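Chains here go by letter, A, B, C and D, matching the order in which they are written, and residues are numbered from 1 within each.
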Amino acid sequence: MGKGRLEAFSDGVIAIIITIMVLELKTPSGHSLDALRAVTPVFLSYVLSFVFVGIYWNNHHHLFQAAHRVNGLILWANLHLLFWLSLMPFVTGWLAETHFAAWPVSLYGIVLLLTGCAYFILSRLLIAHHGPDSPLATALGRDVKARTSLVFYVVAIALSFISSWMACGLYVAVAIFWLIPDRRIERAVGRGSD
Amino acid sequence: MGKGRLEAFSDGVIAIIITIMVLELKTPSGHSLDALRAVTPVFLSYVLSFVFVGIYWNNHHHLFQAAHRVNGLILWANLHLLFWLSLMPFVTGWLAETHFAAWPVSLYGIVLLLTGCAYFILSRLLIAHHGPDSPLATALGRDVKARTSLVFYVVAIALSFISSWMACGLYVAVAIFWLIPDRRIERAVGRGSD
Amino acid sequence: MGKGRLEAFSDGVIAIIITIMVLELKTPSGHSLDALRAVTPVFLSYVLSFVFVGIYWNNHHHLFQAAHRVNGLILWANLHLLFWLSLMPFVTGWLAETHFAAWPVSLYGIVLLLTGCAYFILSRLLIAHHGPDSPLATALGRDVKARTSLVFYVVAIALSFISSWMACGLYVAVAIFWLIPDRRIERAVGRGSD
Amino acid sequence: MGKGRLEAFSDGVIAIIITIMVLELKTPSGHSLDALRAVTPVFLSYVLSFVFVGIYWNNHHHLFQAAHRVNGLILWANLHLLFWLSLMPFVTGWLAETHFAAWPVSLYGIVLLLTGCAYFILSRLLIAHHGPDSPLATALGRDVKARTSLVFYVVAIALSFISSWMACGLYVAVAIFWLIPDRRIERAVGRGSD
């Protein structure tokens, strides 16, 4: 089975998720700078979630560049990833409206954790489908980077009840950590096409 | 006529349907766990509808993998399917807000039934267009699986006035029943390309 | 210039237009059949607009099947078409909420008229770009069908102040008139590829 | 790395941005012409923003027609452009609801300025990736047009506190200035393929 429609559908869903989050940015009530300032927490949480969804699109793009074919199970693993990702607008909204309270901050981490797990499952299924000697398998290896982020999310979830700001700091750290594109796959794909 | 744009347009519409349902998940009023708990029925109905829309995307993907060309009638049969599918966010919202009351549960089933019929019409038109000896026709056969689900929907619609939970149980059963990808087509496509 | 991205972008915009109209279908207040019945005018106007947007997607699909290349002017003519089409959710909402009052019904016709004009301009620019002897030019000819619908819209706009139901009847008539796919292009494309 | 998914994802995001702005056009309260007239400022700001987003799609389309490959940095530069563009619905809504007050008009300019800068960064990165002798580099040159618009935005932002109408006039001027498609790239691509 070709990967074309899986990519197109994922692009569509991720494009919508990343864009409808902006609907949470309600028009300020008033035309002054103060009215605008009240929107700051919503804006900050929008930036954070935009970056996270952008990271997932980026990684999804890299992952399927190295993958060549899919099966029914992979279609569902991909929908599973999109499901958790689709909860981002909801948790982002709660985060912003409660001004980064403990439960919303921890729920944000739980959704990030489950999205991370879904991405991990998807990548393992792709490796299983392409074989342990495929460029994809070599490129991802044991995927220490993905495993490390999952640990960070768990720590942040626990931290959110002590200090929600430290938990948010951890989310920002993971985001910066992933902003650097996954050169492993670029390199492996380059090598594979040599 | 090629199938490229029909697939792209359907991917777009289904991606939007599956994602705007999350807008029904309104931010909880408060930052406590109790405030979050109040969202549970909305969340459960979102999961159910996400799975159903996912199933339709999956089956649509499989169906058009085996199909190679379309005509004007098939374009409209596809739009007809998208029309009923587009009512999912509406019926899901009503289901959730009324906490699974009788009429909303039965309307949910009616929309599922009409979507199922639309899918059935679309698949029959594709078979007619590709001929009775095409891999598509062989793969789908009499399509007992699709016909059985239609019967399940009718039973659930009737049941919803006796016990809305039993009706919902039937919807969940049909969803699980379809979660297993349609290997018939995968196999037939594989055979066709041999 | 290739037509690939123009088609992809138009598919995206039309998919969103056709789907966000369903957001006008607000959850009924109550779980009875009466509560659902109150949604009827919104549902009817949704069906009408879904069919109109579906017709435009269908015709756009046919038009660009016969077209092979575009230029900067055609990109803007296409955006012009998408602009008027993007007002459909707005006029549909007004139509429904005022229960088909005179001004909303006439504004609906005005938007249909301007969308029709934009489509006509787009098709003429495509003919000019492909030459008067291209399959596209032969297929469309003087395009009596498109011209006739424009006249119908003008009549309906005038009628809406006498009887808004007669005006709506005319809209339905035009919709039925266009539901039959444009076989002229299918035939011409078929001939062109012989 | 191919540019296919970057184009598809950008098309998706831009299609959603351009379309959800219409959700700001709330149904008029009443069925008279006066009720409709109250929507005028929202409509005007919608037209302005539709044209600006349309310009960006158009230029993006031209830019990537001349580009052939991308890297991880370009993916992020593109997401950076989409981020500022995604704020258009928010600033458009504020502009409209405050009837073009000073701060909203200046914020509109700030978002346009940052979107312009993001586009400029993206185009420079693409030139760096394709080499200084590529058709893309020759076509864009020093890009006086893009630089001039940035100056115009800065002037308009300052002007908005003296006269918000003059600032809006400048935005309209820039929009008209860009409505003419970028023939430099069309010519260079034509020359490159000779």
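Rule of thumb we're sticking to: a residue touches a chain if its C-beta (ideal position, glycine included) is under 8 Å from a C-beta of that chain, and two chains touch if they have at least 3 such contacts.
What you are looking at is a predicted structure, and each value in this text was computed from that prediction instead of being measured.
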Next item on the list: Farthest from subunit B by Cα centre, which chain is it? Let me know.
Entry: D
Next item on the list: Would you mind working out whether subunit B and subunit C touch using mostly the same residue numbers, over half shared, or mostly different ones?
Entry: different
Next item on the list: Report, in whole Å, the distance between the mean C-alpha point of subunit B and the mean C-alpha point of subunit D.
Entry: 37
Notebook entry, point to check: So what's the Cα centroid distance for subunit A and subunit D, whole Å?
Noted result: 26
Next item on the list: Give me the residues of subunit A that touch two or more other chains.
Entry: 8, 12, 15-16, 20, 23
Item checked: Residue ranges of subunit A in contact with subunit D within the complex -> 7-8, 11-12, 14-16, 18-20, 22-23, 25, 27-28, 30-33, 36, 47, 50, 54, 57-58, 61, 64-65, 179-183, 186, 189
Margin query: Taking the touch rule as given, give the residues of subunit C at its contact with subunit D in the complex, in rising order.
Written below: 1-2, 5-6, 8-9, 12-13, 15-17, 20, 23, 71-73, 75-76, 79, 82-83, 86-87, 89-90, 93-94, 97-98, 101-104, 107
